[in-house]
Amino acid sequence: MKRIGVLTSGGDAPGMNAAIRAVVRTGCINDMEVYGIKRGFQGLISGDMERLDLRSVSDIIHRGGTMLFSARCPEFKEVAGIQKGVDSCREHGIEGIVVIGGDGSFRGARDLSLSGIPCIGVPGTIDNDIACCDYTIGFDTSMNTIMQMVDRVRDTTESHGRCSIVEVMGRKAGYLALNAGIAVGATAILVPEFDYDIEKDIIERMRRTQKTGKRHFIIMVAEGIGGVEELSRQVEKALGVESRAVILGHVQRGGTPTCRDRVVASQMGYRAVKLLLNGKDNRVVAMQHEQIIDFDIYEALSMKKTIDNELYSLAHEISI
Amino acid sequence: MKRIGVLTSGGDAPGMNAAIRAVVRTGCINDMEVYGIKRGFQGLISGDMERLDLRSVSDIIHRGGTMLFSARCPEFKEVAGIQKGVDSCREHGIEGIVVIGGDGSFRGARDLSLSGIPCIGVPGTIDNDIACCDYTIGFDTSMNTIMQMVDRVRDTTESHGRCSIVEVMGRKAGYLALNAGIAVGATAILVPEFDYDIEKDIIERMRRTQKTGKRHFIIMVAEGIGGVEELSRQVEKALGVESRAVILGHVQRGGTPTCRDRVVASQMGYRAVKLLLNGKDNRVVAMQHEQIIDFDIYEALSMKKTIDNELYSLAHEISI
Amino acid sequence: MKRIGVLTSGGDAPGMNAAIRAVVRTGCINDMEVYGIKRGFQGLISGDMERLDLRSVSDIIHRGGTMLFSARCPEFKEVAGIQKGVDSCREHGIEGIVVIGGDGSFRGARDLSLSGIPCIGVPGTIDNDIACCDYTIGFDTSMNTIMQMVDRVRDTTESHGRCSIVEVMGRKAGYLALNAGIAVGATAILVPEFDYDIEKDIIERMRRTQKTGKRHFIIMVAEGIGGVEELSRQVEKALGVESRAVILGHVQRGGTPTCRDRVVASQMGYRAVKLLLNGKDNRVVAMQHEQIIDFDIYEALSMKKTIDNELYSLAHEISI
Amino acid sequence: MKRIGVLTSGGDAPGMNAAIRAVVRTGCINDMEVYGIKRGFQGLISGDMERLDLRSVSDIIHRGGTMLFSARCPEFKEVAGIQKGVDSCREHGIEGIVVIGGDGSFRGARDLSLSGIPCIGVPGTIDNDIACCDYTIGFDTSMNTIMQMVDRVRDTTESHGRCSIVEVMGRKAGYLALNAGIAVGATAILVPEFDYDIEKDIIERMRRTQKTGKRHFIIMVAEGIGGVEELSRQVEKALGVESRAVILGHVQRGGTPTCRDRVVASQMGYRAVKLLLNGKDNRVVAMQHEQIIDFDIYEALSMKKTIDNELYSLAHEISI
């Protein structure tokens, strides 16, 4: 394999640049030419790519976002779109591709692999919602960004003796809400993975905590639950505590990546190229129990991910 | 004067603790007893206060929020409420009060002064909307918090080639939006102090900038303008650029204060106590042209504040 | 068990407060009385302790340092010192103790356990040098602090085309240097766990990298290697690149803990109390492969820890 | 004037990129060609420059360091060096130059102006040691970086009941030490502008503060004073308080600029080009009492700067 491509697809995540850097560097030192493909599969179809060398990826390891840009590409869900991708690879001599993104991007990678262009997926999403991975690139940064923002919200919440109901990203997954919720000492945490009852899990908890002398409250709500404005009104009505809904928004997606995100992204990008060099195809790099491993994409896409039950119990037990 | 009180009132602001610390320390070393009054004028009325000494304010200079808590107190807008405040002062032997807050709080301070309890106001609000001051406690921190959050938003905005329409606090004033907008290189900044035309000041500007090759955009909108969801739709429709509204919310009020906020708050708290020691009454401490000065509260409340015209022009000229 | 103590011993680490909070909260909700012992074993000997309740540990989860203070206690290495500790426990009715610290502190915990006071160790040290644990409380925060500081150093290093030789903490372990070194893209990383040759591993690497066009360099050196001033002179002489030694110092020990440190510390503190409740004794809580487990302290102290070989190779391969 | 140059010279400072951006943008929209000259006067002499357009300075406003690099240039202190600079300007058609840097750089600008190439200086140095300016680009960022680092040092200092003696940058000026010292609540601050006596100003102060119950101490020492290792020994000996010297080093020079540094740098860069456009020559842009003004370089270089006496007194009064 003499020429490979790398692209980022789907929602961007801090650490993607570190993964790109590792792919480019590992490719170059193994005597491959590496092409950066712009805007995900869209750039692949349109042939929007350029050669990257060792120095093209200097001074990007600490930058948020993705230097290759990202985009969703509906065309790539169709057979015709995949074929255009294959044709583009043939035309540009691209013999393999590292695809950095989430589940949707891995489906594209699998289809491209099936059509004869070996692909390796690298899990990059702040949501941490990829079943075969304990940890995805961007999760650690986003979790810390949320925590820092809620630490700020806490200051004003405490000054005024209020309740702040904070909605955080994560799509259908509660990892960001659960971890950041524990870290900020949230009185209650609502995630899609567990049933909840507003009266019992929020109002009652707050009431009990009030009795111990607490006057301000943070409630953490995952995006997959939502409804923070309405919840804020319910809390205010039930407890007479002034309540505010806070939706953290796109701030959660950006920022310089944490150490962990930079290191893991480097490991994963490195592993992806090694897999291509070893003739592997249709694999996704993953982290389980702190080890970098890899799975067949089919297999990976069919897995189910669970959330840590004990962590959830702990949150409920000590956040009072 | 042997015993004074200090309180924070209205919306909290980073740096209020530094001001409290300066008041307490300056009072103590000048042989006064200093009482911390809780939750603003509410705590004054109800007698919720405790004596603070040199060490009570240790390790708070770097903390956001206010250790004395804050609250709005409608009762204090009535003559009866003021009288309760006066009675409480007599009862507890409080001979003067430093009131840290905004214009609303200064009206309370003025009424209390008129009723025989000497008060000194210290300007604490992130909005920087106090006419007699170039600079209010909390403004610098909030400006930087906004900037840091929008720097994060920029990462994802750039990765996806989007337009982000960001709404920031400031009530009827545009200082936060203007300064943070310049700092993040916003393509357009809308503040209540200047008229604007969406077609000319946003759409046209973006179109012109697009021609120079720019693909992502930040638009900064002051709270006093609002309507970011609607604006987002307009931009998307007119330019075909995917747009997102981002409302930064209460995160802007919290966080460890910046160096400038800590230093200026220390200067202002210090000055406030010196004024009381010198027999002054009904004054508000202010900063103009980097000098700490003071004004009669009446006079201060009747002033009009303008926004820097040149700064606004500069923003429009270079943010392209 | 109706009354337990908690103490922090040895060098402080960010996240210790989160662990204390978890111990206190878990104790209280399981109907135990929890005493905070000040300044480690010193406070145990002198009986310097106070009862903590649910609210005593409010608003500390985000604070660096330790609210119980820490100290080294040479007296506790002697039999007489241990006996004083036991006597103090009897006197105050302390039936078990959670000891948060490093290997030295665990030796104290083991000796106390042997003398009849059940102890559970919780690993807290920024150095990550506890053999039975993949991860110790404070490591993640310190790693990120170092990274952020070196990101700043990088700005000025790049502006001036210099080489910065950065010494970071870690005592005899290279975990901080290795991880932070990868995260900042250091051209070379020296850790005590691996042999190195200055000519081959630094000078030659820099020369090779220079040829690719790189003009500024970061070299990461673990405390256990040291000698950064001398190394700086060697680099300057060999390559003619202006070089600067930077010793990061005690800044690395402080700061608000990261999300990971807060969550893991909460889990570990929680587990420690559960162990005491279950009648366990002389155990140390640990994290391996992301699971919270526990070991006999004897066993734990006799383990040897290795550094990730692959991570070290990766660093050398892609940081060029 | 149809073609101008811009360069950064001397020590780099956060915000220089914001100033470069303002110069380039203001030049371009006023129909000038703007050339970025690399590595200060060195690049001018060697003709190392390239044309910059509106988009060349996109996404740099938030970056530390300087995209044009910086260097000291001894050759430019000689008549022959200046002449080479003039020749290079003639050759490349450069009709005016904006020089961003400190006093040394302004001397070069003045010499170049005298030789027929109109120059405008823009004050960029973290030290804030330019006599005609209240405020120089980079000062605010550096002050905040120092403060944040010392806030971290404070955590560990407090946990262990120590004294930390912190040396900060500033060359012969004490602005950084004084402002950051107040912001971190330093028990004593030593700056070159004021005489001090170790026994009276440090030992005695600490002793007095100890009596109020304080157990940990931060002492802030300006670079122009130095000797922190020795001071640490003296404090330890006199008071029996474990003491540590901390030299913050080059971390202080880097990092993303604060809001204030970005805004003021934008204003100053903008003003510099306007001056050139209005036919001005040999001027330095300055900020006094929050106003952007300008001075003759000769005049500016002969001014003397004083440090705020009141601020120094305040520090001594309330930091106890």
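When the chains are written out, they are named A, B, C and D in that same order, and each has its own residue count from 1.
Everything below uses one rule, namely that contacts are C-beta pairs under 8 Å (C-beta built on N, C-alpha and C of every residue); 3 or more make two chains touch, one makes a residue touch a chain.
Predicted model only: the values in this text are computed from it and were never measured.
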{"item": "From chain C, the most remote chain by mean C-alpha position", "value": "B"}
{"item": "Equivalent interface positions on chain A and chain C, same or different at half", "value": "same"}
{"item": "Length of the line joining the C-alpha centres of chain C and chain D, rounded to whole Å", "value": "35"}
{"item": "Between chain A and chain C, centroid-to-centroid distance (C-alpha), Å", "value": "28"}
{"item": "Where chain A and chain D are represented by their mean Cα positions, the distance between them in whole Å", "value": "39"}
{"item": "Junction residues of chain A, two or more chains touched", "value": "151, 154, 158"}
{"item": "Chains grouped in pairs wherever the two touch, ordered by label", "value": "A-B, A-C, B-D, C-D"}
{"item": "Chain D partner contacts - residues on chain C that touch it in the complex", "value": "8, 11-12, 14, 39, 63-66, 69-71, 145, 149, 151-161, 164, 244, 246-255"}
{"item": "Of chain C, residues touching chain A in the complex", "value": "21-22, 25-26, 29, 53-55, 58-59, 61-62, 134, 140, 143-144, 146-147, 151, 154, 158, 179-180, 182-185, 212-214, 256, 258-260, 262-263, 266-267, 270, 289-291, 310-311, 314, 317-320"}
